[in-house]
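The following pair of complexes shares a single chain, chain A, combined with chain B in the former and chain C in the latter.
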Partner chain A sequence: MPARIPAGSIALWRTQSGRVTASADRCPHRGMRLSHGFVRGEALSCIYHGWSYGQTGECLRIPAHPGLTPPETIRVAAHAVEEAWGVIWVAVGETTAEPPRFEGFVPLRSLTAHADLATLKAATGATAGTAGLDWPAPGAPEIRLLSVPQEGYETLIHVLVPGDSSPAQRIAASRAAETLRRTAEDIQAKGLAPWSTTR
Partner chain B sequence: MIDEWYPVGLFSQLDAVGRRTALMGEPIDVARDAEGNAKVTGGNGRALPACVRYGHVWSSLGTPQKALFAIPEADQPGRRFVDVGVVRVRCSPLRAVENFLDIAHFPFVHTDLLGAEPHTEVQNYKVEIREDEVWATQVKFYQPQAAKSASGGITTEYIYRVPAPTCSVLYKTCPPRPSEWDVITLFVQPLAEDLCDVWPWMALFDDTTSMTDLIHFQQTIFLQDRSILENQIPRLLPLDPGMEIPTRADLTSVAYRRWLKRRNYTYGAQLVAQ
Partner chain C sequence: MKLYDYILSPSCYKVRLMAALTGVKLDIRPVDFHPGAEHRGQELLALNPAGSIPILEDGDLILTESSAMLVYLAAKVAPSWLGSGGAEETARVQQWLSFSSRLTASLGGARLHEMLLRPGDFGALQSQGIASLRELEAGLVEQGLHGMGFLASDRPTVADIACFPYVVLAPDGGVSLDPYPAIRLWSRALRSLENFIEMPGIHRLHELKPEPHIEPGKV
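Then we have the complex of A and B:
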């Protein structure tokens, strides 16, 4: 699937054995987006000509030349990935740091808001936690929000709730997140966020 | 570049009111005049060159130095001529042509029609420049259903021609008549550097398939191609080596890029690797 990190678009995929990989979203052969590709076994294949790549980005196979071992120079960049408590973390550049852990929390849903991060913060009145936002949402359990800037003014929001939340609490949290999105989008549309970044 | 002939519409669909379209960023009007001839008008009301050939109206923003390229098969008796229609694609006109010249994508993009795994190998073929046109010959590929008239898989032989920067003519094994070639063309109208209207046209020996089915088959193929063309990065075609990695299967594409560069044809192209 396609995903976005500050360094650009990536192809996020899971191998048959369950390992998650974040590859640059461009096949070096003819520039096709690799996020349109398909996974077979432990490799990601480009949908255009079927060139396949391993988890470290090396080209494994060029179907037009089945007898050829692809040269090592053909490769796509791969980013470091960690999976913790249901959240996939992708590192931009080299890092030795562990990703934040939200122990006891589970992912509820993800949604895209047509609002930038500053506007979103203003709309929540939330405080910045260890990573993301601790949000005292009205009528819902303690919610953690993880936000990732997308293209333009869009922000992708991942909503996490305590793992022991009841179905009713999860529904309340989901509705609270939708209300938050509407509020943030209203502020963004009215241009009431002079502190927001202009692009 | 402005002196080339470009397709701007189907002649069979022209009426007196005409249609508003664009050529290389300039709005143009294409209509049929009182005598029944095609009339093309530029953005400032000036009359543009016009000719009608291969089912389409052709025009130019400049002054074409020579007549439109020849397709002798277009005058051959017994062929059916198919106006396939138009597919608008958000990509460079040159990317659309290059994709048309490519066979290695058949098993993955046109699965079970023009190709199928495990038949993915591209055999060696020949590429040359003939009278300032790119020609690829002896191109062979296994196809599960090469044409509407084919029953079952066959190894199809192809000859590709690029007679103009945004046009290609394909000669392909003709299942009902092994001594002849089916002709399938790709005429690309550059609306902008990263937006084009693709007008496929065919001259076939096929007396049994209905016109609707012939058109439907080609439209299916081109819609599959569109899902690729609109997702290539960058949108413009890189003419300099370094940005993309070709293999032996891409010899036609390599020759096409070099030919464009030598002619200094840069509309829809990216020259410096970014």
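Then we have the complex of A and C:
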């Protein structure tokens, strides 16, 4: 699937055996987005000409040249990835830090808002916790928000809820997140809102 | 059963897909929609005064709305595609069937603007398309929380087929699908169905088939 980190666009993929890889989102052959590709077994294949890549980025196979062992110079950059408590963390560059823990919380859903982080904070009245925003949403359980700035004024919001929430509470949390997005986008639109003319 | 069809039309594809999934053989009559505008000619206007395609003809019956065609095919040969018949599920099917016309107007309008230079407020069409995609995404999230992977039920219905094509082709109208993880999973589930067929821009899942192997000398 496609994802965005400060270093640019990535193809985030999980092998059949369950291992997660974050590759640069560009096939070295013709520049096609690898996030349009597909995972078969332990390899990611480009949708365009089927060149396939392993988890460390090495090219494994070029279908149009079945007898050829691809040279080692054909590589896709890969970022360090760690999966913890249902959240996938991608490191830009070297890192030794452990990803934050969210004990007791589980991921609910992710959504994108046309609003920046400051606007989002203003819309929630949330307090910045040790990791993410703790938001006392009206009519829903305590919600934790993780935000990832995207291009322009967009923000990707990951919504986490307590692991013991009932299905009804989770639906209430999902609807609260929709309301939060509307509120934040209203504030953003009344302010600068350059996105409203471009999208 | 005769379908007046255009290969690049998502609404025509809905009917071809439904027929393939339910094992109905259609007699396909290709229409020169572009550049010939054959759907606005006398022969087709006699069948459908609204001048739109698809048109489905079965004996005396002439249908001009794709949602009605999906329901007709399902009722005739595969009633499970209409849902289980419970009040809530029946209403959900109708809800998303009606909703699908908003996808056609918004995402479909943006796509026609980009592909065939149709007039229209491109920015407004895209915004309406994004609003519709958000609604669909939220609906699928809630269905998922009820343990159901499809719009109206735990199995696909005509509602899913009615919404699927214009959603998947949203990028043709400059609307990205990247922000919608639930839509992505739903789209994969539909493309994994047995007897799924493609249209230009909507491909099958290559990973469902084993890797093809070609002998080195045969290329």
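As a working rule, the second predicted complex is superposed on the first by the 191 of 199 C-alpha atoms of A that agree within 3 Å, B and C clash if a C-alpha of one lies under 4 Å from a C-alpha of the other, contacts with A are read in each partner's own complex, and residues count from 1 in each chain.
Assume a contact is a pair of C-beta atoms (placed from the backbone, for glycine too) under 8 Å apart; a residue touches a chain by one contact, two chains touch by 3 or more.
Everything numeric here is computed off the predicted structure, so don't read it as measured data.
Within the superposed three-chain model, A:174 lies in touch with chain C and out of touch with chain B [touch as defined at top].
Look at A:152: by the touch rule set out above, it reaches neither chain B nor chain C.
Within the superposed three-chain model, A:48 lies in touch with chain B and out of touch with chain C [touch as defined at top].
In the superposition on chain A, contact of A:74 is made with chain B only, not with chain C. Judged by the touch definition given at the top, the superposed model places A:93 against neither chain B nor chain C.
In the superposition on chain A, contact is made by A:32 with chain B only, not with chain C. Looking at the shared chain after the overlay, A:63 reaches both chain B and chain C. Of the two partner chains, chain C is the only one that A:111 touches; chain B does not reach it. Taken together, the two structures place residues 45, 47, 63-66 of chain A in contact with chain B in one case and with chain C in the other. Taken in their complex, chain A has these residues touching chain B: 25-26, 28-33, 36, 45-50, 62-66, 68, 74. Considering their complex, residues 104-105, 107-109, 117, 120-122, 227-228, 231-234, 238, 243-249 of chain B touch chain A.
Within the complex formed with chain C, the residues of chain A that make contact are 1-2, 38-41, 45, 47, 63-67, 109-112, 156, 167, 170-171, 174-175, 178, 197, 199. Interface residues of chain C facing chain A in the complex, by the touch rule stated above, are 123, 126-127, 130, 134, 137-138, 141-142, 145-146, 178-179, 181-182, 184, 203, 205-207, 211-216, 219.
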